[in-house]
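Following this line, the structures themselves.
One chain, subunit A, appears in both complexes that follow, with subunit B as partner in the first and subunit C in the second.
So, the complex of A and B:
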């Protein structure tokens, strides 16, 4: 009975969706540009995607449509957005891209969310010839990947450059006499955390640091107090965590509970989330994290204000801006070419410089070497303090307790 | 001492996760795969009322638990009772209830995503307190104390009251319970509702120290399943003892060996229990 009812509900929903879809197709087929977007709305990565990825897609589409649409040779066309939830499952993602390409026949697709997804889905984007401007993807294999996939672009940096960013900040603090040379380092035991810890280990040692605590913990560990107690017992001058969102929050909470007395505290992903600042308030003043923005630039301020106004949410202090930049690049490339020719747009992205909220962006070998690596919470805002080729870094400060 | 105190607190968390499922599976015979979502729903309620109205999670608890009790009672009456009625055997009911609750879990995830898709994170009682020379978080301590109260109440109720005895009778054998005049249907519905309410209480408390999101429920369902199966289906003592073992062993391994090996240790113990006592620590051999 229940299953039958459920089936009926499913079937009628599917039919309603199909009817809705064909109706929008019928009405607009000739006069819109169709853009697809596939990213998690459920599953482990959803919590990050709804902060960093989805609001920017919404913001960009609304802004472009508000000014009348994309300017093409045969007139201005509004964007019609088609969204799918990949459920944080690569197989679902690939199916959705296939559907976008063959059934919805979209003109362009917003790149996936997450390193693994950008790499796993690259072949399917390449197969259908869609330019894939990857944002939330950090890898040391960028050269190899861009050679294999001529339509794949990277914008957020390499694994090594992130580890180097942290090293540079710690070296600077050591030279300024703010910290000693003992580092406690922990990482989440999955590809992201292991790669970064492996990249950081030799870099820290070469720079004259001693790693006094070096442990990993499984993803989703419910209690990180043994980790923090262990780190504290090793008596470090600096604490570095290559962490993911839930544990980034949990580690900071434990550090406060244990009163981990370090002058430099770094945690990776989600330190830049407004929710991180919202949760801990002034206690996390001086906390370092992955990412950063130059909030004093006019363009960035205008972007952050629009993000808040249109989506109702604050942009994060890192990849939100990069995600928006990738959409600006796509927009300018489509208008530059003046048509929806995917190959020409891809070539245009390779050959031109783009005027974005992060300044001029140009790709070399499909890689934009311009990104923030380390940011720091200073007086309620997460400012960039270390970058590769971005202006506006603030001087780093020493953490003065957890109050 | 560090290990003992921290382990005990972690065990409290695990007990909160598993006690509800233990009742639902042990008495109402519903293998509830939406148990994790009930936990997350509690967390969402706590997060939402705290961030929007600055209401303490402890106050939310007083509202969310009765609501969840009623909601779960409705779920049982409307969605699950038809399955119970038509099931010809225990096995068939298990398969049907797994499918139905799996579907319910999807619906709940969808609803929660539409309410708040990002992380449920806020700070409540995130202050240190000294116990037996160990620094612990106040929010974990509060959750532990409430877990102890819930566990003790359940145990005393099941052991020493007439209605508790009826619940245990249904857990042992529903057919025979019916023969001695127990209203099995009513007992099952109330126990299922009580299990859901306990899961929600767990969610409210856990959200004060673990950052959850709308789709994390399945992780809790898995952990609850391990604890329930380890402890023995249908015995609340089993769930509590299993939670204690897991909490202390995981903390000991994380402190003494390596935090990376906590999951290995937990599954190793689970494996040992399955090998040498497949009915669980307090389970009865099936006849």
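So, the complex of A and C:
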């Protein structure tokens, strides 16, 4: 009896495997454009991807299909989306991209979410000739990477430009007499946090600031109250945290509890999330963070309204827009070429200027030097206050308490 | 042909077949082949220590991480070559394993399991702290011209080394001593076996091979983040795959890794939004119906066929 059941289990497992593998082989219809997307739905980066990446893919596909599909020379074709979860695991990601390229034979792929994943996947995109318009990837090695991978495009900026953005804002506030020259700086002791702190240290010193507190905390630290107490005890004029999403929230909470009295408070990733504003309300008025948008532009307002209507969620105030822009660029390039020729589409992206919700975008050496670096919560909206080549920055305000 | 040569000959043939895989597989199947080769190396080397001694080690993630992290730091911050690190990192990891072994393997099994459970996390925090406070970093990149084929062949060579080592161990005093320790440690002590030393030696080899695999995989990831290479999940996957195959045979983990990887893949494709749930169900069924692993199952049917 047991043996028979065992056989059944083995057989059904084998069946499931066979069904799974053949499912991807079938269902190829030439009247659609197949677009693949791999990003985390589970694991540590899923929290960011479900805010910034997935809703924009959904929004874009629905919008394009609603207007009848992509306009090609041989008629208009709707998009068929194939999505996989990479479980925030590089090995899983590589497998999934290979699957899209060789089994599903997709026509184009939405670039991955996260710096590491974009770089890990770049050799595969290059091998099969897919254009890779990376958004959520910030690096100081862009020149070397774009030379190595001729299909790879960067749109969100460099590590150093983010540190420079913060320096510029602090220098401006100092010159306006809003803050003194003492900075308390903390960072999460993980890849991006260490990189940013490393880039910022010399920049702050050269600009005449004194770093009175400089501490790191391990990734995943549940209690940040010692960090905040230490920062407060150093009596800073400005507080800068190179933080990841969970600690961005935890630090703000501690700053409110300790009533950290600074006129400039900055935390890096996820400060721009609508959930951050939703959680702390008016208390975080004046908080600075990585990113920003120009919400007053008509195109941006239309985009944010459509995002809310179609996905049911608010777009974040930073990379959501950039992600949507990358898809607009892909769409315009495919329609500009009028076919699904990957090489021609890649060349089109290199040669042309694109009309997007963030204005005109043009790549130079596969790098779009047009992005927000610092934003600030002002009356419930996270406005851009410092950028590289983007218009519409609002003047920065001094933080006035945590109420 | 004498029976004792059947194993090695079959093994040699399979190895040659495996070495030819890159000539027939496309990119997708290569990415699966690399995964299989990686876990075969890790699980087999795990089973060499944990199989006979019954000490469940959850340290694979720590050793793998040491390899990946050292090669990334050396290549991005000190411009050292990949090949040099392929040599150095496993030695560093073996030394770490030996130190841990001497500190914990005198204790009974439970303490050892608990200690290794936290090891990957501890080393990750330690290296992050050192890097943050003393070395600094502008991102850890491992940019090479290796393709999946190259990585696969390197991993295959590591697998071969582990199998040869295991084969040598099985007909050697050390291997025999470990079997006795696994059956009854008190008896082993009484017959004059230096139990602690034997265990430490084997644990050290696990550390060595774990880091070796970590170094080889690093170019595949290209950008190394400590929290991804020091993965506790990896430690558990290695144990699950080895037990699924059967840790009492040298080839046991291999017959666990292959079906596990394929089932995992099928589930990922068919249920992209609830992979973990279905994986859990598949795992429950396996543990319930195949308690001795696939190796036990194969042996049972093999002996029945011969009877």
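In this section, the second predicted complex is superposed on the first by the 375 of 403 C-alpha atoms of A that agree within 3 Å, B and C clash if a C-alpha of one lies under 4 Å from a C-alpha of the other, contacts with A are read in each partner's own complex, and residues count from 1 in each chain.
Everything below uses one rule, namely that a contact is a pair of C-beta atoms (placed from the backbone, for glycine too) under 8 Å apart; a residue touches a chain by one contact, two chains touch by 3 or more.
Bear in mind that the values here come from a model prediction, so they are computed numbers and not experimental data.
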**OP:** Based on the superposed arrangement, let me know which partner A:245 touches: subunit B (first), subunit C (second), both, or neither?
**Re:** first
**OP:** For A:230, decide between first (touching subunit B), second (touching subunit C), both and neither.
**Re:** first
Subject >> Touched subunit A residues, subunit B compared with subunit C >> reply: C
**OP:** Mind working out whether A:216 is in touch with subunit B, subunit C, both or neither, as first, second, both or neither?
**Re:** both
Original post:
Now for A:83: first (subunit B), second (subunit C), both, or neither, which partner does it touch?
Top reply: second
Original post:
In the superposed arrangement, does A:305 touch subunit B (first), subunit C (second), both or neither?
Top reply: neither
**OP:** Using the touch definition from the top, say if A:66 reaches subunit B (first), subunit C (second), both or neither.
**Re:** neither
Original post:
Just subunit B (first), just subunit C (second), both, or neither: which does A:41 touch?
Top reply: both
Original post:
Thinking of the overlay built on chain A, is A:398 touched by subunit B (first), by subunit C (second), by both, or by neither?
Top reply: neither
Original post:
Is A:159 contacted by the first partner subunit B, the second partner subunit C, both or neither?
Top reply: second
**OP:** Mind sorting out which residues of subunit A both subunit B and subunit C touch, each in its own complex?
**Re:** 2, 6, 41-42, 44, 88, 189, 216, 218
Subject >> List of subunit A residues in touch with subunit C within their complex >> reply: 2, 5-6, 9, 13, 16-21, 23-24, 41-42, 44, 83-85, 87-92, 94-96, 98-99, 101-103, 115-116, 119-120, 122-124, 127-128, 139-141, 144-145, 148, 159, 187, 189-191, 194-195, 197-199, 216, 218-219
Original post:
If you look only at subunit B, which of its residues touch subunit A in the complex?
Top reply: 2-3, 6, 9-10, 13, 51, 79, 82-83, 86, 99-100, 103, 109-110, 113, 117-119, 121-123, 126-128, 135-137, 140, 209-216, 219, 250-251, 254-255, 258-260, 262-263
**OP:** Would you mind writing out the residues of subunit C in touch with subunit A in their complex?
**Re:** 26-28, 30-32, 35, 38, 125, 128-129, 131-133, 136-141, 143, 147, 217, 220-228, 231, 233, 262-263, 265-270, 272-273, 275-276, 282, 285, 289-290
**OP:** Quick one: which bits of subunit A touch subunit B in the complex? Just the residue numbers, please.
**Re:** 1-3, 6, 41-44, 46-47, 50-51, 54, 88, 186, 189, 215-218, 220-227, 229-230, 245-246, 249-250, 253-254, 256-259, 270, 273, 275-276, 278-281
